Amino acid sequence: MHLVKKIEIIANSFELGKILDRLDKSGVHGHIVIRNVAGKGLRGTAEDLDMTMLDNVYIIAFSTPEQIKPVVENIRPLLNKFGGTCYISDVMEISSVKCVASM
Amino acid sequence: MHLVKKIEIIANSFELGKILDRLDKSGVHGHIVIRNVAGKGLRGTAEDLDMTMLDNVYIIAFSTPEQIKPVVENIRPLLNKFGGTCYISDVMEISSVKCVASM
Amino acid sequence: MHLVKKIEIIANSFELGKILDRLDKSGVHGHIVIRNVAGKGLRGTAEDLDMTMLDNVYIIAFSTPEQIKPVVENIRPLLNKFGGTCYISDVMEISSVKCVASM
Amino acid sequence: MDASLIISNILNPPVLFFFLGMTAVFVKSDLEIPPPAPKLLSLYLLFAIGFKGGVELVKSGITQEVVFTLLAAVLMACFVPIYTFFILKLKLDVYDAAAIAATYGSISAVTFITASAFLNELGIPFDGYMIAALALMESPAIIVGLILVNLFTVEQGKSREVAWSEVLRDAFLNSSVFLLVGSVLIGFLTGEHGGKVLEPFTQGLFYGILTFFLLDMGLVAAKRIKDLQKTGFFLISFAILIPILNAAIGLAIAKFLGISQGNALLFAVLCASASYIAVPAAMRLTVPEANPSLYVSTALAVTFPFNIIVGIPVYLYVIKLFWSQ
Amino acid sequence: MDASLIISNILNPPVLFFFLGMTAVFVKSDLEIPPPAPKLLSLYLLFAIGFKGGVELVKSGITQEVVFTLLAAVLMACFVPIYTFFILKLKLDVYDAAAIAATYGSISAVTFITASAFLNELGIPFDGYMIAALALMESPAIIVGLILVNLFTVEQGKSREVAWSEVLRDAFLNSSVFLLVGSVLIGFLTGEHGGKVLEPFTQGLFYGILTFFLLDMGLVAAKRIKDLQKTGFFLISFAILIPILNAAIGLAIAKFLGISQGNALLFAVLCASASYIAVPAAMRLTVPEANPSLYVSTALAVTFPFNIIVGIPVYLYVIKLFWSQ
Amino acid sequence: MDASLIISNILNPPVLFFFLGMTAVFVKSDLEIPPPAPKLLSLYLLFAIGFKGGVELVKSGITQEVVFTLLAAVLMACFVPIYTFFILKLKLDVYDAAAIAATYGSISAVTFITASAFLNELGIPFDGYMIAALALMESPAIIVGLILVNLFTVEQGKSREVAWSEVLRDAFLNSSVFLLVGSVLIGFLTGEHGGKVLEPFTQGLFYGILTFFLLDMGLVAAKRIKDLQKTGFFLISFAILIPILNAAIGLAIAKFLGISQGNALLFAVLCASASYIAVPAAMRLTVPEANPSLYVSTALAVTFPFNIIVGIPVYLYVIKLFWSQ
């Protein structure tokens, strides 16, 4: 087992394409996307359009610790422009043929 | 980047309204809700009604470290009464216009 | 509050039954499953069949720290054979009637 | 007894697809109706049956027969949870007894809908106001169940605070009751003209969607069957005998009121069926002490299949015996 | 004024189910149409109306009337956002003004579809090419809105870089426009034969699915109503008066072009309606500075209900006054 | 060759919507059919075609022709994976060769359903027992594929342990096979009466839902096309030539058996089509060493479009040449 980083991003689905692009450019090629996530914003406003047809998405990606710096640099401008939040935490990965750290 | 807390709650969907109320009262105004979550209970019983029409929900909320105490105090009685579990962990937030810590 | 471990597994849905079996055998009886998770693999290939009808699943299970060893031993061969990844992290559980640590 | 009614019921596509769903679970096929499709199908069924009922309510009007039948329906919905509570308390604690009693006092809309499809096929008419009875019988048992818990726990020295406004909302404004009542009202308001334009949707598809939905119900019921081990012999017998008893009472009332054969069958089915959605949801909130596997499994894995496979044709057989054509 | 049209509109199942959805939110029922069902229903509606439009386009052919009407449609879709922008800028900043203006310059397909169902019921014919107008009016306002933002922020000394290729794709290839245009084309290519084989699906179910979808729209619109407090009196008046004004302009153009009553109603409805899906989505990406609650809430919680409840029958009433039978 | 059949096939709504789906991906529209709708639609199609097949099986009965055709179907389902395995092994390793061979030995229900809709439209009859052939041809290739892997890896000195009970369950009880077979049986049991009551659902909607589903298939197939770069020329040719060859063998058998034109087309389509759901799922579990992008992409992005666009009308053209009217 070795340390990897977990990246969690919550954003509106219209940003999804842009965010995945940025992740990819930052060297994080794997991810999962959970759609149709209901949510309420920080300020209690229902700014999100999820009630019409734009739902929130919850993106999770695991990466090596070194990839975090480029990810933060690439993602922050997007979040500032379009909204959404990003969190990073430590997790242990079980080594396997396909694991992040085997790259 | 600064430290925030991640709150994860798993409960049956009939409790959802009550839990979100308590979170809100504890000062945690943002959250996401993932619905239609399949699950099996701790004791291996299929107590949850997800097979009929009451599914489990998975609630995630990020908050400042100080909010954890009131959250725990408010949520625990609910969990004891209606079931469900709650977990708390540390994550780093990427500072952005809308981030939890900017509040 | 006491320390428990969070186990996160991402895999293709055809493995779901096998993985839950192994978790159960390792003594982890509770879990949640989020289905219809879209994803892209580590190597950027669309190996996953989610585009037809086999979607990815995202499995989360909370366990006591002692259960991690058997979980890793049981899950790793599956991941090596069929693909998928598994991550482990630390979380604090709010003690309640049904909490993992009350077992 | 003339078995042809049972056979003609069993050879119905809805019942056969119910069996198919059960079989899928037994042979461990991975067949499933992906959520939220089952929920959507059940919304459709409530919408369609409610709307149709409303449209036909215009025709029949609100006569004395209607008023008496609806009154009898509400009375049964209050009486059943009370008398079954005392039977259940012989073996179970107050919480479980009250929750199960409430479950059996309320109704299963899908059982009702299956019975109405059965009548349609046999060409036996029934009236739109029976759908009003369906709507009226869903909620009272929830209230009665809760009152029983309060009475008998106070007796035991435990005091409970009940958020009645929430309970009432759960009972009368839960999505099933709300959509059903709303659709009846809209059907009533738009009348025959509205009924006509919606016909391909509410009538044409009805039978097919019921069939598809029962496939899912078969899957769901079969998954619950293993719970029955824990339930024990007492509850399993309860789940078969009480429906029969309730149907018998229902038929006696129907005969007394002199309502038609079709209406009598539907009335009996309402009395005999048990709720596995609305009441369990309400009970989890209001009587969290009760064990959900008891009240869900009996209603879903025993009473529901019993009614749609054996109950419906048997009740009709009895009607045919006692009603003059 | 003759109120019978309003009443006959209100007593339509789709409008009544819209009310039912709103009521569910007001009384706090837990009724909901689970996602992604609403999205699927809206795809169906676009598919069905587009296909039907295409099939009928074959019959009418592309005459001078068609060309002029479509031209007028595009012109209105460009003109409305421009003139409303200047009204809105009296009270709001450039970003909000442009986003709201774009919203009102574009159209609401569901309003159009509800109007077409209303015409069908009254037996008033309309032509397939009006669906081409629907498709053509969806996108221009997005472009116009963005040009307005650029002009007026440059004026204020701020420069913006715009990814025009992305904007154009959002405007012309978003799923609604794409599916609608594609279905029109396929309807046109397969003609009457294709129309016939798909009829039970595209026609038979149409009214029912519209009704069901409006139930969801009622839920959605009612949830937005509390946002209106923040919106203020100015925008609420805007959201009622501008549709009336746009409908009036639309009717004048229709009269001038001499198109039929049915087509005139649809044209007026296109002018009067505001987008609450495609344009908001595009605006979030291209004008993130604007506040989405302003443009979504006005379009969804005021203009949409106004049009389908009051607007459609009133516009038709005016048509009946001015058009000779 | 008479191109009119190809054109009349291409101008079908289902095929055109398949193109529309592909176009959406190519022009980067955000059109999508949200999950789990596609899965639900495919369950519907299996339910409807199976049920209809069962109902018609009652009429045709189980004659000698039926038995021989079903026998031929099973033989082809075993023979195709064997002979294609040896072709594939020329260029690929044992695992990939066996997995692709199994894919092409099995069938694509949607291709079959599209062909049956094409026949319906042209008014060419076919028999219900062909749906039994569909059901019978889905599973054998999975078993054959696995046996081939075992034989040839043992040869290479590697031993494999196979959980045969699981493999058999995957092969014969996976949701597609189970629902199809179950629906055929129920159709057979309920007969004409059951067929009639379900008709608006299983027949009325059938063509429309197929059309809508093919829109999704277009999206899915187009997304897979970029995988084909990695697949290489050998596999792409394989994915076009083998279906043609299999169809030719199928037609020869059909001619030999003397079955009708409609049945012959369906038989050819079964032989020519490749599975992109059931077999890939089974292969991922039983031959995890094989590369899924190879067997999914060829079946989905080449063979499937080829069959529904070119194959079906060409096979019918050949039938028209060799069958006397």
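The first chain written gets the first letter, and so on, giving A, B, C, D, E and F; residue counts start at 1 in each chain.
Assume a residue touches a chain if its C-beta (ideal position, glycine included) is under 8 Å from a C-beta of that chain, and two chains touch if they have at least 3 such contacts.
A quick map from chain label to UniProt name: A, B, C = P-II family nitrogen regulator; D, E, F = Sodium-dependent bicarbonate transport family permease.
Note that the structure is predicted; figures quoted are calculated from it, not measured.
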Problem set entry | Identity of the chain that, by mean CA position, is farthest from chain E | C
Exercise. Same residues or different residues: which describes how chain B and chain C meet, taking over half shared numbers as same?
Worked result: different
Seminar exercise, completed: Cα centroid separation, chain D vs chain F, in Å, comes to 41
Exercise. Just how far, in Å, is the C-alpha centre of chain D from the one of chain B?
Worked result: 34
Exercise. With chain centres defined as C-alpha means, what is the inter-centre distance between chain A and chain B in Å?
Worked result: 19
Exercise. Taking each residue of chain B in turn, which ones touch at least two of the other chains?
Worked result: 34, 36, 83, 89
Seminar exercise, completed: chain D touches at least 2 other chains through residues 34-36, 39, 200, 204-205
Exercise. Of all residues in chain E, which touch chain D in the complex?
Worked result: 11-13, 16-17, 20, 23-24, 27-35, 37, 121, 200, 204-205, 207-209, 211-212, 215
Exercise. Chain A touches which residues of chain C in the complex?
Worked result: 8, 10, 34, 36-44, 56, 58, 72, 75-76, 79-80, 83-89
Exercise. Contact residues on chain F for chain D in the complex?
Worked result: 35-36, 39-40, 43-44, 47, 51, 169, 173-175, 178-179, 182-183, 186, 189-190, 194, 197-198, 200-202, 204-205
Problem set entry | Of all residues in chain D, those that touch chain B in their complex | 35-36, 38-39, 42, 220, 223-224, 227, 276-277, 280-281, 284-285, 288, 291-293, 296, 300
For this session: Over in the complex, which chain B residues touch chain D? Could you list them?
Result: 12, 14-15, 36, 45-49, 51-55, 81-83
